Structures are given as C-alpha cells and as structure tokens.
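Heads up, the next two complexes both have chain A, just with different partners, chain B and then chain C.
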Partner chain A sequence: MSTKPQTARRIDWLPILLLLPVGVVLVLILIWPIVQGISLSFFNTRILNYSQGKFIGIANYNFLLQDENFWNSLRVTAIYGALSMSLTYLLGLGFALLLNRNFILRGFLRTIFILPWAIPEVVAVLIFMWMLDPQFGVLNYLMVKAGFIDRPLAWLTQSSLAMPALVMLTAWQQFPLAMLILLAGLQTIPREQYEAAMVDGAGPISRFFHVTLPGLRPVNVILILLLILNSFRRVTMIYAMTRGGPARSTETLSILTYNTAFEYQKIGYAAAVGTALLIILLIFSLIYFRAIIRSRSAA
Partner chain B sequence: MTPQVSAIAIRVFWFVLTCALAAVVFFPYYWMFVSSVESASIFQWPPNLWPKEFSLDAYFTIFEQRDLATWLRNTFVVAGCTALFCAIISINAAYALSRFKTRTTGLFTSIILFSQLLPAALIVVPLFVIFQQTGLYDSLVGLAIADTAFILPLSIWLLKGFFDQIPVEIEQQAMIDGCSRLGAFYRVTLPLALPGLVVVIAMGFISGWDEFFLARTLIAAQDNWVLSVGLTSFRGEYTVAWNEMMAAAVIFAMPALAFFMIVQRYLVAGLAAGAVKG
Partner chain C sequence: MAPVSIQNVRKAFGALEVISDFNLDVQDGEFVALVGPSGCGKSTILRMLAGLEPVTSGNFAIDGKSVNNLAPKDRDIAMVFQNYALYPNKTVAANMGFPLRMRGLSRAEIDDKVNEVAHVLGLENLLGRYPRHLSGGQRQRVAMGRAIVRNPKVFLFDEPLSNLDAKLRVKMRAEIKELHQRLKTTTIYVTHDQVEAMTMADKIVVMRDGKLEQTGRPLELYDAPENRFVAGFIGSPAMNFLEGEVARREDRVCFSVGGEMVVSLGEKFAPLISQAVTLGIRPEHISIHDEPVPDATQMYLGVVEPTGAETTFILKSGDAELVVVKQGRFPFTPGTSLWVSFPTDKLHVFDTTGNAVAVNS
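Up next is the complex of A and B:
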C-alpha cells in the first residue's frame, strides 16, 4: 500500500480480522482433523470406544507393514494413478491439439469437450454403471459390435475388469482439465518456432516432436503431477462406483482409509493408513511445488 | 488436386473428426437423457440407440415412489448455504490477501495452497467425531460448513485475482472523499468485482450441490439425505429401474450444469493462467 493507514506503526488489525473467518473454518475442518488424524494413528481407538483409545506407540504402523491389504492397496493406488493419469493426459493432449486450430464452431465444440467435467461425479458414476450393465448396457453392446469383446461383460463385479472400467470413467470425467491446461500451454508456444521449423522442411510429425512437445514441457510436469495427486486423493468416484471392490481390486489408499474407519470401525488403524497416504502426498506435493516455482522463475 | 483444394480437404477432414469425437465424448450425456425418457423399452437387447417411445413416466414415478422432493430440498439448502458462506468468507479473505502484503497474509497464502492437497479420506475420520462432539453431525448447515472449507482455497484464490485487477487508487480516492477503509472496499471495489463474486457464489453452489463423500459420512437420517446420497442408495437394490435412475440423474445434473455455464469462462481462464504461470 502506498498510503499507509493512520495506525501504520502499530499492528494493523484489519487484515487479521478479515482473515479470521477463513482461518477458523480451515483450522476446524481441515487442519485440526489432520493433526488429530496423525495423533490417532498412535492409538488403538475404535468408533465405539472413541474417548478411551489406548496409546500404543507405533504398533499400528508395525501392523501396517505386515498387512497384505495395505500392500495391495499401495499397488492398486500406483496402478490406478499411472493408468488414469496416462489415459487422461493422452485424451487431453489429443483434444487440445484438435481444438488448437481455427475453425467454425470452435467455441461450441470446446464447450462440448468440457461438459464431462461439469457433471456431478455421482451422476457420471451412475451413467457409466448403466452403460456397463452386463444385461442391457449400451457400452457392452457397442464393444461387442465393434469386435473388442465377444460377449457382454460384468465390468463391475469381476475383479480384473473393475479397474479398467474405473480408469475409463476417470479419463472421461477428468480429461477436460488436462485439455484446458494443455490448450493454454499450446498457446504460449511462439508461432515463429513453427514457421522456422517449416522453413527447415519439418513435417507435421517432426514439428510435433521438436516444437510442440518441448514447448509443453513446463506445463506437462505440473499437469502430470496434478493428475497423480488427484488420483491419490480421489474418493467420491471410486467409492460410489465400486467401494473398493470386487475383492479389493479398486481399493486405493484413500478408499482403504475410509473402509477401515467406517466399515471395520478401526479408527486408529485407519488413521495410520491415512497418514501413510498423507506422507506419499506430501512427497509428491513437494515435487509439484518445486516444479511450479521452477516454471515461474523460468518464465 | 490443386494445393488450395487439398488444403480445404484437410481442413474439412479435421473439422469432421473433431465433430465425431465431440459426439463420442457427449454420448454418456445423450444416453442419460434417452434412457430417462424411455419406459420399460430400455430393458432390451440390443439396446435402442434412438428412443423408440417417448414418455416422461420415469420422472413422475421417482417423485411418487422415492423421497426425491426431500432430497432436492435438502440439496438446495446445503448448496445455498455453501454458496453464502463461501461468498462472505472469500470476499473478506481475498480482499485482505490482495491489498495487504504482510507476513500474516504471506503465511495465509501458503496455508491456503497447501490445504488444497490434503487427503479428504484422512480428514473425514476425525471430522466425523468432531462433528458428533460439536453437534454439527447430521445437520445440513454443518455439512455446508464442511463443504465450504473444501472449496474456500480455490474460491479465495480466484477472487483475489479479480481484486488484483482493480486499481487501488479508486479506493484511495473514495477514502479521501470520506469513506472508511472497509467502506471504500464494500462500496467501490466490490461492485467493480461483481463478476468475481458471481463466480465464487456459483462455485460454492456447485460444490455444495455435487458433493457426495462428506454428505455420506456426516449425514445419517434419511430425512436429511441429499441427492448424491439418495441416488447412490438405489444401487444396493435387487433390480435397478435404470430409466428412473437416469431421470433422477438428469434432475441432479441440471442445476450443476446451469451454474457451470455461468462460471465456465472465468474458470477456464483462471485455470489456464494458474497452470501456465504457476
């Protein structure tokens, strides 16, 4: 501020007062629960004896390392993260390249491509459950007709098929985010670089690999990390579609945390699973913030 | 072919391809609508890709046989309260972050960014207990407070961007004319940032409207269910009447889509700026 208020030498209470409500809400709903969650992970608390949980040190974590459900969940999280990120990114990139040219109806078509992102996640889940219905599902029908599969499949009750179905839904719902970020990234690549490449005789494929992809690099790093972070934290879509099943085949760490707390009522142990997830998220977040700072100082 | 003709042919090819892919992306939406306006004819193999007989029966049936009216009302309460809380809190916080550059505001900026990365799955476990202890459990307003916390970081961030673009000199002029500091903000700056306020209200409404995970955990009584919880409760049943389910899905999706259309432009621009500039 160039003109200082009258009380310049004393503490200016106005910003503190203005920030107080958001402080209270964030502390009450986000920060205090996280602190409590971490501390609960050292207790053997269950829902029924919440106030009488006993301090058991790192016993929950010892148990965690021997719990095959935890290791399964770690593997599921990694697979889901890798597959959903890759498919979301590829769809986003493809559509961004398609939309990054001038043609009629461009704004209208862009809106169509963003629509999946605007739908409530629960609705997206319900539509896909209906489209994948083993008896009458239209996706089953179209895939049989196209020759991908030879008979309708029970996508959501077979443990080998639930993950592909979940990845399909995730990519459909999330690719608009990737597409928008990549579109913005494409627009930062100077035209002259393409013109120079064309003068050098580079064809469209060569231009893509030598101009477009290097130009997208800073955006790519941030976007890929963001997609991975989102997949680790995702709860609504997975819980509404499969609840982690069948046979724990879609039980990511987030879903295992929730199921341990509310299905098996083991709060302390759930907190330990959740804290493990938090640590993984923190590692990825640090990389994410470093990437943002680096791209900012490069710009 | 002359070069011009082949250039036109290539343009047409890309345009047709884009349209075809847009149709593929839109298909799940299409299928939701089509299934909701067909009667029992949706239970057929092969499925009818075009609706055979048009009927709105499914819409009437869900209102008669399910508690849809109650869920709809509850969802409006939660979404409305979330929008209100979100707007009141974000206006003041975003103004403070935009106009004061002190250590407190710097700290707050990092807290806000950081809190966006916390896992909801870990938060809800203690939150469930905290809500029971404080009497917020099983209350629509309590749920709205929780929803608000999750959308606040993003909405404050977006609104701060709007305030940053309004020159501080306008406020200073108003203060010379006798306005108080806050008076200048509320009477001069805030009206100029009206689009930002609309965006924040719409975002609060959408997030409260769509939310499922917190609602599933923090609400117990069926009378307090919101649409997202009510709709997913059908899935345990022996046979699902999918035409009715899709009719309910249409009713659930429409308000969210309407509000999304309002914010689309700003959200797209803000998102792009945030990702490219960091």
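Up next is the complex of A and C:
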C-alpha cells in the first residue's frame, strides 16, 4: 500500500471557489465604481458629452488646490462637522443620562426620543423649514414673543443663520443615535464604581467627572468619529434644506461634489473633489477602526 | 476605630422582606464576619451600614451616633468591594489617593499618605500602573489601600476574596488578618465562605433568610451550634447528620436509622427515648475500626480520598452515609467493611424543628 507523497504547497481551491461569488460582487459594486470615480478625476468629462472627455492628467487637482470654493467647502465641512457633532453629543449625553435613571415613564420616553432618528431626513427638513419660516414659523414666533429678537429672522436665506439652522436640524435628527450609544456605554459602567466613589466622598459632580465620563471614553471615541464621518458624508439633509447656500455658506465637500457634478455638470472635476473627500474620509475611518480595535483590546 | 451597633433593623424591597429584626453589636476594634449562603441578606446589612441602601426601619450607629440619615461619605467608613471597583482610568496612586483628594487634602499630604500605605501593602512599584495592568491579587490590594489610606472608623469588606483563585485567597486571607491585627480598626467582613469567617474573625454572625441564626466566637460556633443549620454551615467537610429515633434495645439506649443502622448511645440519652431526632457528628470525631468492637456499627467503605496529611472516608449503610476524616494514611480499599463508633460526648442532637437539644450527663 503506497500513499501519494503530499506536496508541501498544494493550494486548496475550495475556500477560494466559495469566496469567489462574493469577491466578484464586491468588485462590481464597490471597487469598480471607486476606480471609475478616481480615474474620472483625470479627465475633463462633462455630463452632457460624457464620452468626449479627454485625459488631462492632474490638471483637475491643480485647479482644485487653487479653487476658492474647494477651500471654502473644506472650512464649511470642518465647522459643520465640529458644531453638529458637539451639539449632537451634548443632546445625546443629556438624554442618555436622563434615561439611565429609574423613573416610571422611562420606557415610553426612550421610544419617543428615538423618533427623530426614525423620521426620513427629507421629512425632517420639511418640518424644520416650516418651523424656521420667516412668516409662519413657530420658532420665529416664539423667539419674538419671548423677546429674544425684535422681528422674525430669515434663517435659511441669511448666510450667517443658515449654518446654525442646519446644525440645529442635524443635532435634532442625530441625537437619538448618540443617546443610544451613550446609554449603552453608561450601562456598562459598574454600579460598584459609583458606590466606591460615594464611600470615597465624591458628590454627584465629582462622580460624573471621575466615574461617568471616563467610563464613557471607549464609546466616546467611536461615537465622535462616527458623528464626524456622518457629517462629512451627509448630502440629502443639506441639499434638501439649503442646497449649499446661501452664498455657499453651507456647501460642505459632499454638497460641492454634488453641485459640481450635477449643477455645473463638470463631472470630471467633481470626481477630483470627491476623491479629495474620499481621502479625508479614509483618514477618519482609519482612526475610527483603530479606536474600535483599541477599545476592544482594552475591554 | 469605633464600635458599631445595629438595632432592630428591617429591610424590605416592596412586599418582600429580606431582613427582619436584625441586631448586632460590634466592639471597638473587633473583626466580625457576617456569613451565610447567597441571598441571606448579609451584603444588604453591610450596604445599609455603608449608606448605599436605604433602611426600611431600625437604627445603625457608628461610634454611638446614628448614621441612618448620613450620606456614605459622612459615615467615616471605607469599603472594599467584591469586584474591587477601582477607577480604571486612574493609576494605582490616584486610586488610593482619591478619597483624600475628595476630602480636599493637599497634593503633598496625599502623596505622603499614599506612599505610606503603599509601603505597608507592598505596592510601591505599582503606583504608576493602571488597574488593567494588575493581577487580581494586586487589584485587591489596591482596593484595600484605598480603604485604609483614610484611616476610617470602620472597614467594610463585601466578599473581597471571592474573585481570587484558591491559593491567592488563602494568602490574602492571612494578609487581611495581619493588617487588622496591625491597624486594629473595627472591621465587618461579609463572606459566604465559612472557612474565611472561621480563620479571620473574632466573632462570627451566621445568617439565613434575613435572620440571625447564631453569633459567637468561631470555635464556639463549631463546638456548640445552636441549631442544625449552623452545625451544617460551619465546618468543612460538613457535620454528618443522621435522622432517626432514639429507642431502648436489649436494655441499651440506641439510635436507629430506619431500623437498619443502630448506634449505641449510652444512658444519658434516655430522656430522648421514642423521640424523632437528628444526630450530628463532625467527621473527625467518628472512630473507625477494621474489626468488630463493642458498641460499633458495621458499615462499608464507599470512597477513600487521601489528601496526604489526612484521609477522608465516605461510609455507607443502607441509606445512611457518613463522612469521616482521619489524620494519616490508611490501607483500606473501597467495599471493605469497617466498624464505626461515636464518642457520645461529641454528639449533637437536634429536634425536629432543627434546634439543638441539650443532653445532660
């Protein structure tokens, strides 16, 4: 009885074969469009004569670096990201702390507080546009009544007010996400740590800073990065509310990409803006994944 | 250092009463262990004393003053928790210094005290580390450091060793005892492990179902349990219990288990004749012989467990089973017949309600 000598490096084809369908699908729906998008950024393609685009090397990128609109968008994106993240986080933390306490209507309130997140973005925008309306808006009405302002404000047509309005809407729509993540984080903090702090002489404020906040650190990093990433990627809400205006005051990078491609029809240049956005998102994603891995290994 | 007094304490969660009329006096500097099975209410007593759990009724006093209405931080107690409850984001030094920081001590004062306690506990080299980089035993020691750094009136320990492995538990047991001997701070120590209670405490409080079963010095509880529960709970391996009846047979007072196994008792048990009782005897008090002797009962050997210094035997006869522990090593093999006899002065008798019955000689 002789056995066949086993070759040391025989390739086992079965796993590769089984993975192949998924691989093909991934390449088709993910990798191919990204490669297309990036390669498009080296052409001067316009939407109406899509097939006539000429290869122009890195000219789009040269132009990008000198484009005031691009730098404006980068600044707007940073401001929008920072403000909306901060307000969303604070609202989420406040409600998470509230819902982490025991009281009778807790289950009911938790459901209510999740609603903004469940509403489609466009519907949320419409609700806010009505509330912010200079003539019929309830917000202006209340603020005038309360004496904060003399006359109704034109929130969405004034460049200094459009960003605050957008940040308000974003925070209102996104805070349930922050609340849920922070609530989960709060519930992982052992009760004994609070009790130890009470015995050690810490009052409510000390307990918040010495037990609660440090206890939330693993979820904080992930949540903050997630909120920033979301604000970079957000199109529907901003486009439906301001289209990037007035006077480009809310034109984030994703809106600039959209406007360049479909308003100005310069799809080649839009691809270059999109690629720049992609690089920024990639950097944040890398930080995000590192944070996740680190919080896992810490736990 | 201070005495602790617990008077008529009751605790109920809604309609469920978990502690009923609990009374305990702890002397200044005493080490008291609250021991009992899980859910007996021992931790609840400790948590009420610490102020972490509201009291339904009754009074807790530390150093003669009622603390019922004081916040935990104003009771001048320190507590060591089962899961250590260290602050994960703080170094060992910051963890130990936290109670002092909350009391507004200066940096220099905090550093001095932390270094002093770290020296006592052998933590000098770990001061800059974070809890996640410490072993279970080291974390436990840091938790103790955080408790003693403030020099409180009372130490409260809530099952502090139950998360450690057996070997470390024995080591830390000795360390805590030594620490108490040095600091002489009043200590209340909750555990479900009667060995911990026996080895460490000046006084043991045995609890069951929210009630105090017996209080006493460790060996008092061992030698003179007031009821069957305490008798069975204190001591390892546990006391043997045989249920049966006292009867006179052939002019001798005997104890019979279901009419099969018969143990000769002696005249002083005569008052118990025709009563159903439970007989208790500790494993080390039973004598075994490899040949018939007067007044001995024949049983067969089920299991032999040699542990080196001593040997544990499990003997059987009908439904009755006895655990016997003897110093030394024995050549007996399972299945062989052995004869057991009970020294009558070591027997415990319990009536049908479980209370100990005094046998007058």
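In the analysis below, the second predicted complex is superposed on the first by the 268 of 299 C-alpha atoms of A that agree within 3 Å, B and C clash if a C-alpha of one lies under 4 Å from a C-alpha of the other, contacts with A are read in each partner's own complex, and residues count from 1 in each chain.
Here is the rule we go by: contacts are C-beta pairs under 8 Å (C-beta built on N, C-alpha and C of every residue); 3 or more make two chains touch, one makes a residue touch a chain.
Computed from a prediction, not measured in an experiment: that's the story for all the values here.
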Combined model on chain A where chain B meets chain C, clash or fit: fit
First, second, both or neither for A:Pro190, with chain B first and chain C second: second
Contacts of A:Asp200 with chain B and chain C, given as first, second, both or neither: second
Touch count on chain A, higher of chain B and chain C: B
Chain B versus chain C as contact partner of A:Ile34, first or second or both or neither: first
Which superposed partner A:Val211 touches (first chain B, second chain C, both, neither): second
Minimum C-alpha separation between chain B and chain C after superposing on chain A, in Å: 7
Footprint overlap on chain A, where chain B in one structure and chain C in the other make contact: none
Residues of chain A that touch chain B when the two form their complex: 1-3, 5, 12, 14-16, 18-19, 21-23, 25-26, 28-34, 36-37, 40, 50, 95, 98-99, 101, 103-105, 109, 111-116, 118-131, 133, 135-138, 141, 172, 177, 180-181, 183-185, 188, 219, 222-223, 226, 229, 232-233, 235-236, 239-240, 253-255, 257-258, 261-262, 267, 270-271, 274-275, 277-278, 281-282, 285, 288, 292-293, 295-296, 299
Residues on chain A engaged by chain C in the complex (per definition of touch): 190, 192-193, 195-203, 206, 210-211, 214-215, 217, 298
Touch list for chain B against partner chain A, complex: 11, 14-15, 17-19, 21-22, 25-26, 28-29, 31-32, 35, 42-47, 49, 85, 88-90, 92-93, 95-97, 99-102, 104-105, 108, 111-112, 114-115, 117-130, 145-146, 148-150, 152-153, 156, 168, 172, 175, 181-182, 209-213, 216-217, 227-228, 231-232, 235, 242, 245-246, 249, 252-253, 256-257, 260, 264, 268, 271-273, 275-278
Residues of chain C touching chain A in the complex: 50-52, 71-73, 77-79, 81-83, 85-90, 98-99, 102-103, 132, 146
